[in-house]
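Structures follow.
Look at the two complexes coming up: chain A is in both, with chain B in one and chain C in the other.
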Partner chain A sequence: MKDKNLEQLEMDRRTFLKTTAAAGAVGLMGSSFAQQQPTADQVVRGKNPKLVVLSPRPVVLESTLELLGSERITSKANLFVRNNIDLPGLNTTEPNVQPGWEVEFSGLIDKPFKVTVEELSRLPQTEVTTVLQCSGNGRSFFNPRPSGNPWTYGGVGQVTWRGVLLKTLLEAKGVNLDPKARFITMNASTQGGAAPYEKSFPISVMEYSSAMLALGMNGEPLPAVHGGPVRLVAAGTFGTANVKWIAKVEFTASESSGNEQVPRYRVPVLPGVNIPILPTQPGSRYNYTLENSRSNWMANINSFILSPLPGASVRGRRVDIRGVAWNDGLAPIETIEVSLNGGTTWRKALIERDNGKYGWYHWVSPQLLAPGEYEAMVRATDAVGRTQPLNGNVWWNERGYEWNGIMRVKFTVT
Partner chain B sequence: MKDKNLEQLEMDRRTFLKTTAAAGAVGLMGSSFAQQQPTADQVVRGKNPKLVVLSPRPVVLESTLELLGSERITSKANLFVRNNIDLPGLNTTEPNVQPGWEVEFSGLIDKPFKVTVEELSRLPQTEVTTVLQCSGNGRSFFNPRPSGNPWTYGGVGQVTWRGVLLKTLLEAKGVNLDPKARFITMNASTQGGAAPYEKSFPISVMEYSSAMLALGMNGEPLPAVHGGPVRLVAAGTFGTANVKWIAKVEFTASESSGNEQVPRYRVPVLPGVNIPILPTQPGSRYNYTLENSRSNWMANINSFILSPLPGASVRGRRVDIRGVAWNDGLAPIETIEVSLNGGTTWRKALIERDNGKYGWYHWVSPQLLAPGEYEAMVRATDAVGRTQPLNGNVWWNERGYEWNGIMRVKFTVT
Partner chain C sequence: MGLGQNALPEGPGRELVLQKCQTCHDIGFVSRERQPRDRWDAIITEMQSYGLRLTNEERAAILNYLATYLAPGAAAPAPASPAASAPANGAALYSNCVGCHQANGAGVPGVFPPLAGHIPDILAAKGGREWLVQVLLYGLQGSISVKGANYNGMMPAYPQLSNAEIAALLNHIATQWGNAFPSGQSPFTPEEIQAQRNKNLTAQQVLAARQQLGLR
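And then the complex of A and B:
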């Protein structure tokens, strides 16, 4: 019930934000009212004020293409935030120092146990660089626009996590899984009266993605607003799996039937077989069940142009088109291609560097361009033949998840 | 047990065939021995002798790129055959006239029933053109080569079926499915002492693919060797789902655990979630279970160059590269691209015609080519972003299923 209320609340707020934004654009709102919209650094201490506030509470902050292109690893100041719940006092990029914070392990294991952050910090640590992305990133490009936060491109970033692999922890504790365990069901803390947040993920996905309890980010203690002191991180998955302020990890035979598991954070599939393709008619409703849909699990393949920026004017003739690409890490990205003629021909870009299989690939496509107007398109393809749709709307789904349509950027060469 | 024996038998035969073929190639075998290898028309009456005999019993005949390129709809003479069992007397492209042939429907339905071919032929008929392909097609290109019939490209064809949709039949009989039914488990006839052949398919896939009991092919009664008098056809699926000489259809809660269902006709997936990507190290073994693998269900996206043929010499400057492409019909094929420089640049081909969503797309890429040596590559991409791997071996799996690596054809322009 609490979840339902929260969602209703969020819808009201979104409507409010859209109304004020739209009204602002046509200059109908008084400036005193417009000033009530807080900036990102006011919403979360330590955030770059250039982040876009999609919601002040629970906190939803969007980064920008410009910021994403400005650093190799996304700094804590520039990283997007998508909170479903806000824990009181944690809207800061400073660490969340709470000695004795406990994570409880229960369910289908032979010995339930609790572990404190202090104990976790003494276990062997693993570091992994991953692309962290909200599964709603790109939602604004779906047509008609689904309800939910109106993300464009900025619900993504690349960060380096440090923490204890779940595998390492279970081994250290001498704990064995019951063979009937199929899912990990995670709960965020309800500290300070926060609403419950429960998510399930398949153990196989968790194992594949080296799931860890992360205590650090980018060489520092995990920022409070990003889930400190301890957060679950499953490399290669969408952000929704990566539960913040983790309080409870339960091994279960089936998925949670809570609101966050269904109908939220799901896309349609052929019932019972998880064939992840079943385009629904744009605008149509879908009666989501655990069987006829799947959770936003593995991130789908995607690529962005980060330079030139949309609408930019650049000096020719030599123009380097640059950007990033990523997938779920299940197979390496093999080709990143650029088209300047609407997709009639494509040319392979050069991969400048990758950041490990879960991070993003930096690429460059050197071009010799005469003065004029251009539209660049980019698509990434991985070694198993997964690429991006030319028209991302083919994936239209009621809640606007998993957009990975080919990006188009218009720019001028002078 | 019978299945096990059959498989052993088949392995022995394959070894025999390979040995004789290899020996023949280096001229060590006497001509009298080589003559014991029957031609396709000797193995199955009415087949084109140009088909390659991969196994005389059970019948496995492979078509060729040349034959596939010679007709829009693959004729019964040129269509490949992949039998797991041979029914006595049915090795012919003539119809299988057996008045009173019955198909029994049982399991999770409210009224079990039987239906005769005569009754089926009086129900409303549906026609659908599909690509029919053995899931082992292309197996020879895997390295190391998996055991199984050494298909190259010819285990595929496009045919037009005519028959009664399962949905139509159940409606006509006033039969309702139990909500617990998840799979359709099919049995071929064991007429004349044939070994049992049982396969399960998810009802959702069957529904999606307009599964039918086919009585006709290409405007004629269904040829005996292709499953006449009645065969299950599920458009968009691999051939293994399309059980011939169908005798029994059972609605079940779970998949058959028979040998044809596991370990045969499966590829590895992330356990329990059916994420259809988990490349195994080439040459490594895999302990297939119903949970850590999935059946060869939906056909994956693929494309062939049918002209020029490999090694051909053609007149320039204008050279039309032509071929076909297809997928499972879940989303339309959007682009078919050709590269003549090893994949550095790709150019969109023109789609000349499609044959409905389950048939293949005919495409042409007009080129202006100076005399010289060329290697053409083709790849198809569908509207949801599924394409073919540059190196098909990335999909290597122990039994060599579902090859869809990008095809390369060398030819000379004079």
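And then the complex of A and C:
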């Protein structure tokens, strides 16, 4: 997709949303009557109505650049939601109080066990601030448009989890892992007749990603819609395997072979070849197997401009371009650069603060700009040299995952 | 793209798509896509792996519809005439419901419950009028029995419809297919709908409330 169109798409949507809000959405769509979409607060109690409803069932809510730029830690009202399965009665940001909720541990361990949320809450707690992002975030920038929820930029947020590290739990239970255990395979609860959801993580998330059973978010009990009472969280990973309403954790020798693990949530790779995503012909088909592709596990490096907002008019001459950058936390982000001339030259931005290695690096690029039209671009690079493609479509993939093409924002200086 | 995605173009197979697809998810997941035939084919196969049951004929009809009307470049259905202040039309609003409850209100035995012959029973029950409004506002999930047949699915909530629209829709289904209001009952009013808003019920609470109606 041409970059101009990316911008236009976001702008069209904003304009459209404003128009529909003003007109009560009446008569703008539908064949013979007003087919309104419910607002986010109608879909999930406690959500900001400014979130974009991508689907009311299952719940898919997208945040906006404006909301993401308005707070350091994304509040539960503003955090995106991507449910594959809605658990009955849990479409609310209130806590999910279910005394006696059990998580079952089994598989390649010497002593299978069950643990209740009450017992978990009495074990040593760890807090970690992480960027939670849907691996489909940015999908609508791929061309041709892959199937799936049409995320722009808002399928992301930064939250602080609180819970019990899996390592801590296994130690407390005196449980030993079988050396053959290479994956953690997780199942969400099926209470209320919900369909099953099964995902696998590599077992390395215990050592490198602070994998935990999270009971809290942003200093409160974990909201029901975000997986309360207990969710498996691994810092620096995409959201998809951070299984909500966790009921079962199994240590396994191989990845789950379920739909959610393959063909869904995967990108093409060549086994043993060091390339993040194998470029394939846009629009072509790919026969995903566990061998010729990899799961959306570790978040790829990315950076967003949060101010000025696309299409904004700002006063010159001093303009502070601001935003965030993040990666999987395996190596620190070292350089964030901004270009105002289409990528011909880049100037290093200042990293103002970080939120720990799994969180957002907040950056600012002060510029002196005469009145006129501008397009800002940003790219982040980490200490091991991982960076973002100038054209994100280079790794177009059939299901539209892991977009991290360099963001461009047009704005006007007055 | 989040808005307007519910509009599914007219064409052969449309009703089948509505009936089969929105059992599990909002129809927007389908109508917003623009995919070539081979990709739609693969998507149907994936849905079958999640439990979608189709005869060969149904599968072919659905694939033909999707590959024709939701192909790359296919236009969204033309917007309705800008009659923003037109009164709510219950018959038109019923297109929200037709995919499951069918044009003749008979539903699909064992899958989607009938409205024909069933709505008057609900209206006649004590609390039945209020309960019907609650179903529209909050949805319904779980096992119910209607005229001896069991249904265990989920009805989505429609809080986005206005009070006038829900009243018009309920008045429509209460007077179609031989249905009629019990003697002494008048049509639904928008005020009656408003009275059930902000109760913040869950679909399970609506299910529990159904058991209090004493329906057989």
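Heads up, the rule we're going with is that the second predicted complex is superposed on the first by the 370 of 414 C-alpha atoms of A that agree within 3 Å, B and C clash if a C-alpha of one lies under 4 Å from a C-alpha of the other, contacts with A are read in each partner's own complex, and residues count from 1 in each chain.
Convention: contacts are C-beta pairs under 8 Å (C-beta built on N, C-alpha and C of every residue); 3 or more make two chains touch, one makes a residue touch a chain.
These figures come from a predicted structure and were not determined experimentally.
In the superposition on chain A, contact of A:Pro58 is made with chain C only, not with chain B. When both complexes are overlaid on chain A, the residue A:Gly193 reaches chain C alone and has no touch with chain B. In the superposition on chain A, A:Glu402 makes contact with neither chain B nor chain C. Applying the stated contact rule after C-alpha superposition, one finds that A:Glu260 touches neither chain B nor chain C.
When both complexes are overlaid on chain A, the residue A:Glu250 reaches neither chain B nor chain C.
Contact with chain C, but none with chain B, is seen for A:Pro144 once the two complexes are overlaid on the shared chain. Of the two partner chains placed by the overlay, only chain C lies in contact with A:Thr39; chain B stays clear of it.
The residues of chain C lying in touch with chain A in their complex are 1-7, 9-10, 24-26, 28-29, 32-36, 38-39, 42-43, 46, 49-51, 72, 76-84, 86, 89, 92-93, 95-96, 141-142, 152, 154, 156-161, 165, 200, 202-204. Taken in their complex, chain B has these residues touching chain A: 182, 202-205, 208, 270-279, 294, 297-298, 300-301, 330-331, 334-335, 337, 343-348, 381, 383-391, 394-395, 404. Every residue of chain A that touches chain C in the complex is listed here, in rising order: 13, 16-17, 20, 23-39, 42, 45, 52-58, 62, 88-89, 140, 144-145, 147, 150, 192-193, 195, 259, 263-264, 283, 285, 398.
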